[in-house]
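Chain naming follows the written order as A, B, C, D and E, and within any one chain the residues start at number 1.
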Amino acid sequence: MNQPENPTREYLAAPVKKVGAAAWLKDNLFNSWYNSLLTVLTLLALGYIVPPFFKWAFIDSLWNSSADACRDIEGACWSIVPQNIKFIILGFFPEGQEWRPILAMILLLALVIYSKEKSRWNKLLAWMWPVGLIIMGTLMYGGIFGMPVVETDQWSGLPLTMMLSFFGMVMAYPLGVLLALGRQSKMPAIKTLCVVYIEMIRGVPLISLLFMSSIMFPLFLPDGMTIDKVLRAQVAIILFTAAYIAEVVRGGLQAMPRGQYEAADSLGLTYSQTMRLIILPQALKIVIPPTVGILLSAFKDTSLVVIIALYDVLKTTKVTLQNPQWTGYSTEAYVFLAVLYFICCYAMSSYSRRLEKELHTGH
Amino acid sequence: GKDLDAVKKKGYIQAGVNGGVFGFGMPDEKGVWKGLDVDTARAVAAAIFGDADKVKYTPLTAQQRFTALQSGEIDLLTRNATRTLSRETQLGLNFVQVNYYDGQGFMVPKNLGVKSAKELDGATVCVLPGTTTEQNAADFFRTNNMKMNPVVIESTSELAKTFFAGRCDVITSDASQLAGTRAIAPKPSDYEILPELISKEPLAPAVRHGDDQFFDIVNFTVLALINAEELGITSKNVDEMLKSKNPVIQRFLGVTEGNGKALGLDEKWAYNVIKQVGNYGEVFERNVGVNTKLGLERGLNALWTDGGLMYAPPFK
Amino acid sequence: MTDTQPNKSSEPIIKIVGMHKWYGDFHVLSDINLEVQEGERIVICGPSGSGKSTMIRCINRLEEHQQGQIIVNGTELTNDIKNIETVRAEVGMVFQHFNLFPHLTILENLTLGQIWVRKTPKKQAEETAMMYLEKVKIAEQAKKFPGQLSGGQQQRVAIARSLCMAPEVMLFDEPTSALDPEMIKEVLDVMIDLAEEGMTMLVVTHEMGFAKSVADRVMFMDAGQIVEQNNPHDFFDNPQHERTKLFLSQIL
Amino acid sequence: MSDNLPPSTEAPMPSKPPFWRDEEKRAIVFQVVALLVVGLVSYYLYSNTQANLERQSIATGFGFLDKEASFEIGESIIEYSAADTYLRALAVGALNTLKVSLIGVVLTIILGTLIGIARLSSNWLISRLSALYIEVMQNIPVLLQLFFWYAIFYEAFPPPRQALNPIDGVFLCNRGMIFGVPEAHAAHPVMGWVFLVVLIAGYFLNRWGHKRQDLTGQSFPALRITAAAAILLPGLVWLLYGAPTAMDIPALRGFNFQGGVTVSPEFSALLLGLVIYTSAFVAEIVRAGIQSVGKGQIEAAMAIGLRPGKVLQLVVLPQALRVIIPPLTSQMLNLTKNSSLAIAIGYADFVAVTNTMINQTGQAIEGVALIMLVFLFFSLSTSLFMNWYNKKMKLVER
Amino acid sequence: MTDTQPNKSSEPIIKIVGMHKWYGDFHVLSDINLEVQEGERIVICGPSGSGKSTMIRCINRLEEHQQGQIIVNGTELTNDIKNIETVRAEVGMVFQHFNLFPHLTILENLTLGQIWVRKTPKKQAEETAMMYLEKVKIAEQAKKFPGQLSGGQQQRVAIARSLCMAPEVMLFDEPTSALDPEMIKEVLDVMIDLAEEGMTMLVVTHEMGFAKSVADRVMFMDAGQIVEQNNPHDFFDNPQHERTKLFLSQIL
């Protein structure tokens, strides 16, 4: 509706808004007495913590030196990281082959970045992920194109962490969806099985499952049959993650209005068609943000595989610290790890938040 | 035997190692495995394949190690495991010749003024959860009518830091570890290891029941290391020693044939072991000896001729 | 009960005999008997909760009945999955809230059933779809998503979606009651077109103008029973039952 | 009204389809097959395990539980010494887990709520810092955080001989916080009983106050009166008993402080680590919950003249809680499960104790099974309670 | 501007003088002047976005004005919390989307304000509540929760909730625009009853029938200003401004 200009209407500028730093401070930090108090207390606390930390981390620190040089300084000995970076990041991967895990990680990163745009979510992408992961696996394992075979027990460090979490996620996803469908099922036996599974797994700590996979699993198998250690941990992570995904997906399924099922039924679609074509595409989209949340915890939780002596980044760091030369600098090493984890997780979580917003404003 | 055949078929030995004990079994900053236990496994590979590098390592936790051996995941366990009766019988393992005599001890800061473990009543004790460390410590305090406050932390480096920060009055662990821990102290001379050893910890490699031939090979490989030291054969002089007129040395190095055949190995097996890994003395000095960060004395691990316990039977 | 069947004699396309339905202990539908001839147009009205929706939902087995028979085009509705699928493919349904699939374009909404149920080649399915979209006068919206259409347009798409399956019978459950007054007309127009082409239709609605102009028969339901049915003229001008009279007095 | 008859036999019944096309029968077959597969796989694994155990002559069973544990545990709520049984050792571990989880849950909810609200604060600094806190704490593995807090506790405080003594009877050192408690005296149980009685009386007073408000509209300061009585009356009892002031003051004897009560650095670090990590998640949950209450609700509440505090109490929180409770439950469970990382920093939780037990006895299967059982018990009982509560809170809708 | 105050002379119950309001830089309300006498019934209309809602929300301080004065029953609205509470307790507001508290029963919705703001004993509050529920003809729903009522019923509860506080003035912000046609009537009937009892009312609505039959004065707003106000008769039959004419031609 195009309104004719109202003759009586005179637009006034808004009353002068206070601008400048002082006004900003007043508006944002000192707008009431308790806010002022909070501000002052917070600033005091920051003043107490930040300068000494800054001095330790940046002023009195050494960044790339021998371990002996670090003995004489007050500050941080960051040298532990560059001096051991190959082992911390790549672990046992044979010398001369380092490009392979690095390339695999870059590939993964590229895939993640490519998947960022919502507009690129289509069938192609759905295929790119498994194919990409297979390529990564091949790169790591080798055996073709003249790449020497690198057994899984030499996979370690960051690639192991990434593999355990991403493979874990990709494999756990379909399992989780099946479990969620099972839990929604009208068949009591199926439903009970799924509920029991989900609640059992969610009820116990991941480390007890890892214990299981490492100590007890060999006992489950017939004599002489062994299964790769990494694979066992991977299976434990998949089983664990699947239970969590199942619960998230169930939330999505429950959010689907009954009308969608009815419309699909009245078109004559079968149960599997209804799920595949109508319900899951919508339900899974709704739950993308919490799913990313699970990926995040899976990523953080892989650090628990130290408990069964797999060499993820945390374990490689710990081993580095076992070396008497470096034992004293665990704080620095752990800070490095914390930053590493933080960067990865923060990237994922801020992405998931953006996604949540985008999906929210969409229909 | 079946285990030996399987190993030969694979072309390498799968060895279970600790993975986190400096000087015994741990990867260095390049990811290469180093340590006394690692060298033991390498010696076995040298004996069987003539190539010490034909080993793959599986790092194991204390809980995993015996199951891993039983289930066939590994062929050989060289993970500072204490030889005990129940393990040999109930767990179905055979321990071979001991490659390190250890014992549980205590270390205290000198300024506490404690001279004997018997003076530790009421102390806070940092304990590394080994398999029996906690039990040994508790037993010792109980027999001496003392009270203890344990602080049990899983990782050596964390535990060491905790101890140096003064969280505990005393730290207990195998003596070999204590020496290493002291070495990394901000000021090693501030700490001293108390004289008492409260337990016997003969650390030995182990194999499964059921393949005596493989057991013999591993056993005699360890003994060969000791024997070589007794005979004065080192990796440097082993080639010259081949020309030695001493019949004992000739037999040992396979110049005079017989030993190899008896074990089902190449006659050059001992030569390969010494050439590629060195004798026990070399292995010890290289990994844990006084010139390493651990700085351990030979002590009980010296040859019997030097007052230690290392003693090899005749190789004939 | 005044029964005014239209002058057709063949086997009825829908036949309901002594049908009962319970929700738990609650007896929603009681002794429903109904015959619908091919091409007949039936309007069902009645107070809220009287079981109108439940009845037509039984016809394509969105609800299960516990007693009696429902026979659609010769196929009886039982637990037999095969039969249910046959019936559903022959009966189209239009819901009050449209229930379009929001993640698919309009065109995909229309081709889905054809491709997966009828196994029609995609190209042909799209042609059919476009034909029906033109019929409901929104062919130009084919590439849009349901969320981008107005309610009236969405309901027309929903009708087209059902039509694409070339059903023998169309069921409408209050198709206009979620719409604004101006959109109601759009949808009713489409339905009148359909009626004129001879489609068999069962329509739950309170649009009495529609009932008067197109229905062959108007049915009044109350408390799970069919109270009265008659041709629209007699139904509105001369209702027999007290209940019907009361109801009509309220809504007209 | 239609008659409410059960199905009669007169009307024609629907005819029966062949069983392979019958939905119901298909479902039954499918379920039987699924159960069979699960059963067979379980049986297969079970028989393998039996065979393996036999072959490796591993003893199974829980008979070892009443053997002497012969190891010490750092801290315990109940009496324990190395001469006690494994069962008791495990109980000590389970209680320690329970202790850190319960206290952790309470603190986490408080801290998380505060930070969640701070995140919504109009103070720029506060809301930014809360956002930073949430980001950092959520995105670093909790294990690393535990190392950090533990290091602070043992590095930042002096050894016992130079212990800080901020208030009389309280000592801070790297052995923890040790504080004096009143020496046992006949007055104490009486004071306890009086306190309890006051609390019960307070409860009824509060109910009476509500009733009075219902009747007269006047509110009654029952809470304040109860609080005052809860302090004053036991104090009076104490005076009547002659004001015994003897304290069990910790004193440095030998290596450590003797007497008093000690809060160990391990416990503090674990508690702090878990609380800080989990509270970041709780903060987000609380924020989302509060934001989920529509603006219209707040406006409507203000429009009938409610004060901001009452708006929060009567309208916002009851609605926000419904959104908050389910994810909060999982966070509480996560906290409990994460307490199993205690072993990394030397707190004797259930997993740590079980680990030692496994090491000593080699009963790995039983040990892992026990861990799982105990945690399942914690989890399921929490979930049950929370589900019950959630159902109670659910909105009634059409 | 044509000003047709009703023939009352006492101090006005609402007095707005030269009030301006900005959202950021956007000047939503410009120089609003308004006097409302006790018992007066004012209908406010105008195109979307013209500031109708904003204006009445200023009256009970759901929005803050930046310039000018708003005096309600002698109390001026300033930052003073006390004044705001006084005013809010005297001014009832009914929202377009009802905003009932979903976690409380209907009865609790009605007693909440009385108990906590007016400090009325519960029993008495309940009696008052039941009285008003009867007035809006849904006394039998008192124990249900809002989610169990229809939209029209919910809006009637919302009106009753405001009335329970015995306000001097009632503000209605498009109270019927979220409702189905049949429910609109229910709600308008209640409002007409109120008007007949002499309640002071400001109603934002486009129900012109309502305006014609009950309003003492109809106000037309555009672009944040009161363009024209008049008694309904003159307003509808003889609008003065071009803008008003255009608007009326579109909606009537």
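The rule is simple: contacts are C-beta pairs under 8 Å (C-beta built on N, C-alpha and C of every residue); 3 or more make two chains touch, one makes a residue touch a chain.
Which chain is which protein? Per UniProt: A, D = General L-amino acid transport system permease protein; C, E = General L-amino acid transport system ATP-binding protein.
All figures in this text were calculated on a predicted structure; none of them were measured in a lab.
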item	value
Chain whose Cα centroid lies at the greatest distance from that of subunit D	C
Chain nearest the overall C-alpha centroid of the shown protein atoms	A
Contact pairs, highest-scoring chain pair	A-D
Greatest separation from subunit B - chain, by CA centre	E
Intercentroid distance (Cα basis), subunit E paired with subunit B, Å	88
Inter-chain centre distance, subunit B versus subunit D - centres from mean C-alpha coordinates, in Å	44
Computed distance of Cα centres, subunit D from subunit A, in Å	26
Between subunit C and subunit D, centroid-to-centroid distance (C-alpha), Å	55
Junction residues of subunit D - those touching two or more other chains	52, 147, 151, 364
Residues of subunit A touching at least two other chains	211, 215, 218-219, 221, 330
Numbers and ranges of subunit B residues touching at least 2 other chains	63, 67, 70-71, 155, 158, 161
Residue numbers on subunit D that touch subunit C, as the complex places them	1-5, 7-8, 10-18, 21-26
Complex contacts: residues of subunit C adjacent to subunit A	60-62, 85, 88-89, 91-93, 95, 97, 99-103, 112-113, 116-117, 145-148, 158, 161-162, 165
List of subunit D residues in touch with subunit B within their complex	52, 56-59, 70-74, 82-83, 147, 150-151, 154-155, 158-159, 174-175, 253-256, 258, 265-266, 343-346, 348, 352, 355-356, 358-360, 362, 364
In the complex with subunit C, residue positions of subunit A that touch it	257, 259-260, 262-270, 273, 277-278, 281-282, 285, 362-363
Residues on subunit B engaged by subunit A in the complex (per definition of touch)	19-22, 26-31, 56-61, 63-64, 67-68, 70-73, 155-158, 160-161, 180, 183-184, 186, 293-294
